[in-house]
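Chain nomenclature is as follows: A, B, C and D, assigned in order of appearance, with residue numbering initiated at 1 for each chain independently.
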Amino acid sequence: MPSKAEKNPATGWRERMHEVIFEADTTAGKVFDVALLVLILGSILAVMLESVPELVADPRWRLWLRVTEWTLTGLFAIEYILRLLCVRKPLRYAASFFGVIDLLAILPAPISLLFPGSQSFAVIRSFRLLRAFRVFKLAHFLTEAKQLRKALIAGWPKIAVFLMTVLVLIVVVGTAMYVIEGPEAGFTSIPLSMYWAIVTVTTVGYGDIAPQTSLGKAVAAMMMICGYALIVVPTGVIGAELSKGMKQPVSTQACTSCGAGGHDSDAKFCRACGEKL
Amino acid sequence: MPSKAEKNPATGWRERMHEVIFEADTTAGKVFDVALLVLILGSILAVMLESVPELVADPRWRLWLRVTEWTLTGLFAIEYILRLLCVRKPLRYAASFFGVIDLLAILPAPISLLFPGSQSFAVIRSFRLLRAFRVFKLAHFLTEAKQLRKALIAGWPKIAVFLMTVLVLIVVVGTAMYVIEGPEAGFTSIPLSMYWAIVTVTTVGYGDIAPQTSLGKAVAAMMMICGYALIVVPTGVIGAELSKGMKQPVSTQACTSCGAGGHDSDAKFCRACGEKL
Amino acid sequence: MPSKAEKNPATGWRERMHEVIFEADTTAGKVFDVALLVLILGSILAVMLESVPELVADPRWRLWLRVTEWTLTGLFAIEYILRLLCVRKPLRYAASFFGVIDLLAILPAPISLLFPGSQSFAVIRSFRLLRAFRVFKLAHFLTEAKQLRKALIAGWPKIAVFLMTVLVLIVVVGTAMYVIEGPEAGFTSIPLSMYWAIVTVTTVGYGDIAPQTSLGKAVAAMMMICGYALIVVPTGVIGAELSKGMKQPVSTQACTSCGAGGHDSDAKFCRACGEKL
Amino acid sequence: MPSKAEKNPATGWRERMHEVIFEADTTAGKVFDVALLVLILGSILAVMLESVPELVADPRWRLWLRVTEWTLTGLFAIEYILRLLCVRKPLRYAASFFGVIDLLAILPAPISLLFPGSQSFAVIRSFRLLRAFRVFKLAHFLTEAKQLRKALIAGWPKIAVFLMTVLVLIVVVGTAMYVIEGPEAGFTSIPLSMYWAIVTVTTVGYGDIAPQTSLGKAVAAMMMICGYALIVVPTGVIGAELSKGMKQPVSTQACTSCGAGGHDSDAKFCRACGEKL
């Protein structure tokens, strides 16, 4: 691509590496990205398995998981250093969202060495999964994601109105249920009542807290039907937005001979009189 | 805006205050509305926290919540009086929906002084959240809400047919389950059976009441599949209505000759009288 | 309406009564239909209340419910006789769907006299609710129901494909879970496993039966995500069908002067050149 | 159909049998397919009933089920042999998807003879239900399924983006809940936490594992609202795709001059070369 070459005229090793690590247009870049995705998924799998008590009890599994852990940490550290080396402004990269995530992906292993059993740092690594999205540059997924994001942004005000309504419903019904049911039925505070309201209106329905009195059941039933009716709104909004965004672009060109409009954008002749457009 | 000035020609302090308190077009009006929204959210948060037993047990939290409570009540009282002062017909405002809500927002604190522990009045304040919608005059949210309301009204007959079907299903299956399962399985009365039917058809599924016999389970399974199939109807209706409402950007141009509106955006001649637009 | 008069030329008392009872075009007919709907809802409410043990234990409530019961049965009996009298072919009406329902609405009371405690007949009355749909002739609901039914019929093959897929999923996963989990976890037979699969895929999730083993949980998790992904299909189908059915009918008329098409169906002049259509 | 006759010119007994067994265009073929569907459903019903302990305890039911089992196995074996006989390349059929399924449908009975109580083979038979789809060649269902599949394929990238988001949400929230709640609340490992996250985000909500701490409940509530908001995406995508696919009845007419197709149904001249259609 000449337009690309114009942007990066000085093609040294740094440029080539940048293309491999940060871009996904060349074969090497694609291979790098897929390999990275596999390593990230592997590291997440290792974190998950490390939390299963049955596996950690087995010394061989523990050793295997420890080795995987340190190997991956090493590889991610090398990747991080390479990234720092091949960008023009390393500090700007280090301060960017992915720069911070990349650094945080390396830290858990050395930190767990200093503070043994610091399990809570395992959470951080999960965020590396977000990098997986980047790999979809490979395919045309990003275009799709953009179209989806556009529909979400276009439909956002309507969805905000919907979420506001749901929140008012949750607060009002949550408070009402706290007054109606009281602590005996498990509704010990308004925040807990609201938690119950959220569990109910989203139709999750654990059943750990449930109305006991007849009035409470009647209110809950009405709320369920409201929630059931409300969910249609955002669905319809997104569907309509996407439908609008996907409509075939009809040409605005009118026939110079007969003035007929509404031609397809690739039409070369008027569909009404056959004149050249 | 000159058109606005024409509507309110006498611009004294009452007019200016009216603009600040009731309108959201000026900077002062926007600041007032956002400040009010923050105070309302704060008062709701205080009501919620007051219901948490762990917090109320702590004397400092109790004092802090009491102070917040009375401060906010005072501010809401001042706001209510200002509203009464700056409208032309104070009684008409006092009798309007928001007038009543605004009054009810002040009452709980003094009432709880007379009747200590009158917790049930906390519910009333939750309704103040409805005022939050008013603040969205600030943004273009109201236009969106209008479009949504139009789609809901247009789709309402179809949704009514759908809700009727669901209600018949709930009554019939509720009664049937009462006969099939009986009081042993928890279906002690038809209203309770209908509560179970609502919990099931909206897919909430607490599990506090569940069919025990094989026949009851078969009927419940059929009902679930029906409910699963039925939910598509209102969703599709709203989606289609919104899709229709958002298509066709009709020109707002009116014919200078006959006054007819609703022309297509690319129309060059009036479709009613043939005059050039 | 002259066209109506042409259909029913002989207008005696039978014709007038027929118009009141069976039609909803005249004021008397509308009043009759609304009154009937109120009575039906009242009779269903009475049946519901009769099943609540607390109410039946109170002698006054029991008496009141008994009186309501027999009064309504009497009124429904009179209505049934009037219907038989004013139709031309009484037997054809008696054998029709609503004829049978109308007869069944009268039977429970006398039958419960012969067989005291024959509670199971209460179910039959619930079906009277279906008559409520008839009353919507009053409004334009029926048109909407027709449009909805058309969309459902048009989308039916697609929904059938979807339901088939869901059923195959339920059978396969139900059988698999019976083999994986076994009777210890509550999966005592394949039909019961399938009941669990239906409860899960429709996202009801009672929790009375839930997988216990890791493999079972993994299979259940995969099934949930499948069910979550599958529900989009019928929703999209109905939405698309309704969207198609509601598209504004654009006139097929082309301008005789310039040949431009795509005019609105109520346009009188060409929107492109202003010529009379 | 002459085009068909050209494909199968040699019409011997093999050809006729092939038409009956593999095709569904003739009456005999339709009868064969429906009969096969009934037998498959019968065999699945028999497998289900065989798993119900109450039925197997009864010697008469056990005998009846055993006879049904072997009769159906015999019929399926005959069908399999006939299929092998009437295709031109028997090995290719035997290695195809349906060939393997057809063979697996026969095996369970003889295998259960060798290894008594080998219940786990019952699963295999359930897959025969997939053959039911084949029968829908009978109706126009296959066209519908194709249209649906096209919409699913077209919408697939968007749905993949959605599923990726949901998966990241499940991993992140699952890990977070494992750290927040810990083993005391039932979140004994990250995979189990993720199982809980799936049960919650799909709104199944068994309630066997549920957050106990306030922080955990807050995180769960936020996740539920996210899941509630996310489900709209795939629904809207499929609806929009189907809507697009079903709009615009494009003429099947091809230009006689240049062969270009895809003209609008009201086009009078070819849009590519201007020739009269």
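Remarks
Rule of thumb we're sticking to: a residue touches a chain if its C-beta (ideal position, glycine included) is under 8 Å from a C-beta of that chain, and two chains touch if they have at least 3 such contacts.
The model shown is predicted, which means the values in this text are computed figures rather than measured ones.
Matching residue numbers shows that A-D is the pair in A-C, B-D or A-D whose interface repeats A-B, with more than half of the contact pairs in common.
Using the average of C-alpha coordinates as each chain's centre, D ends up farthest from subunit B. For this pair, subunit B with subunit C, the centres built from the Cα atoms lie 28 Å apart.
A straight line joining the Cα centres of subunit B and subunit D is 42 Å long.
Multi-chain contact residues of subunit B (touching two or more other chains) are listed as 191, 194, 203-207, 231, 235-237, 239-241, 243, 266. Listed in rising order, the residues of subunit B touching subunit D in the complex are 203-207, 235-236, 239, 243. Here subunit A touches subunit B in the complex through residues 157-158, 160-162, 164, 167-168, 171-172, 175-176, 178-179, 183, 188-191, 194, 200, 203-207, 210, 214, 217-218, 220-221, 224-225, 227-229, 231-233, 235-237, 239-241, 243-244, 247, 252, 261, going by the rule given at the top. The residues of subunit C lying in touch with subunit B in their complex are 44, 47-49, 51-53, 119-120, 122-123, 126-127, 129-130, 132-133, 136, 139-141, 144-145, 147-148, 151-152, 159, 163, 166, 191-192, 194-195, 198-199, 202-208, 231, 234-243, 245-248, 263-264, 266-276.
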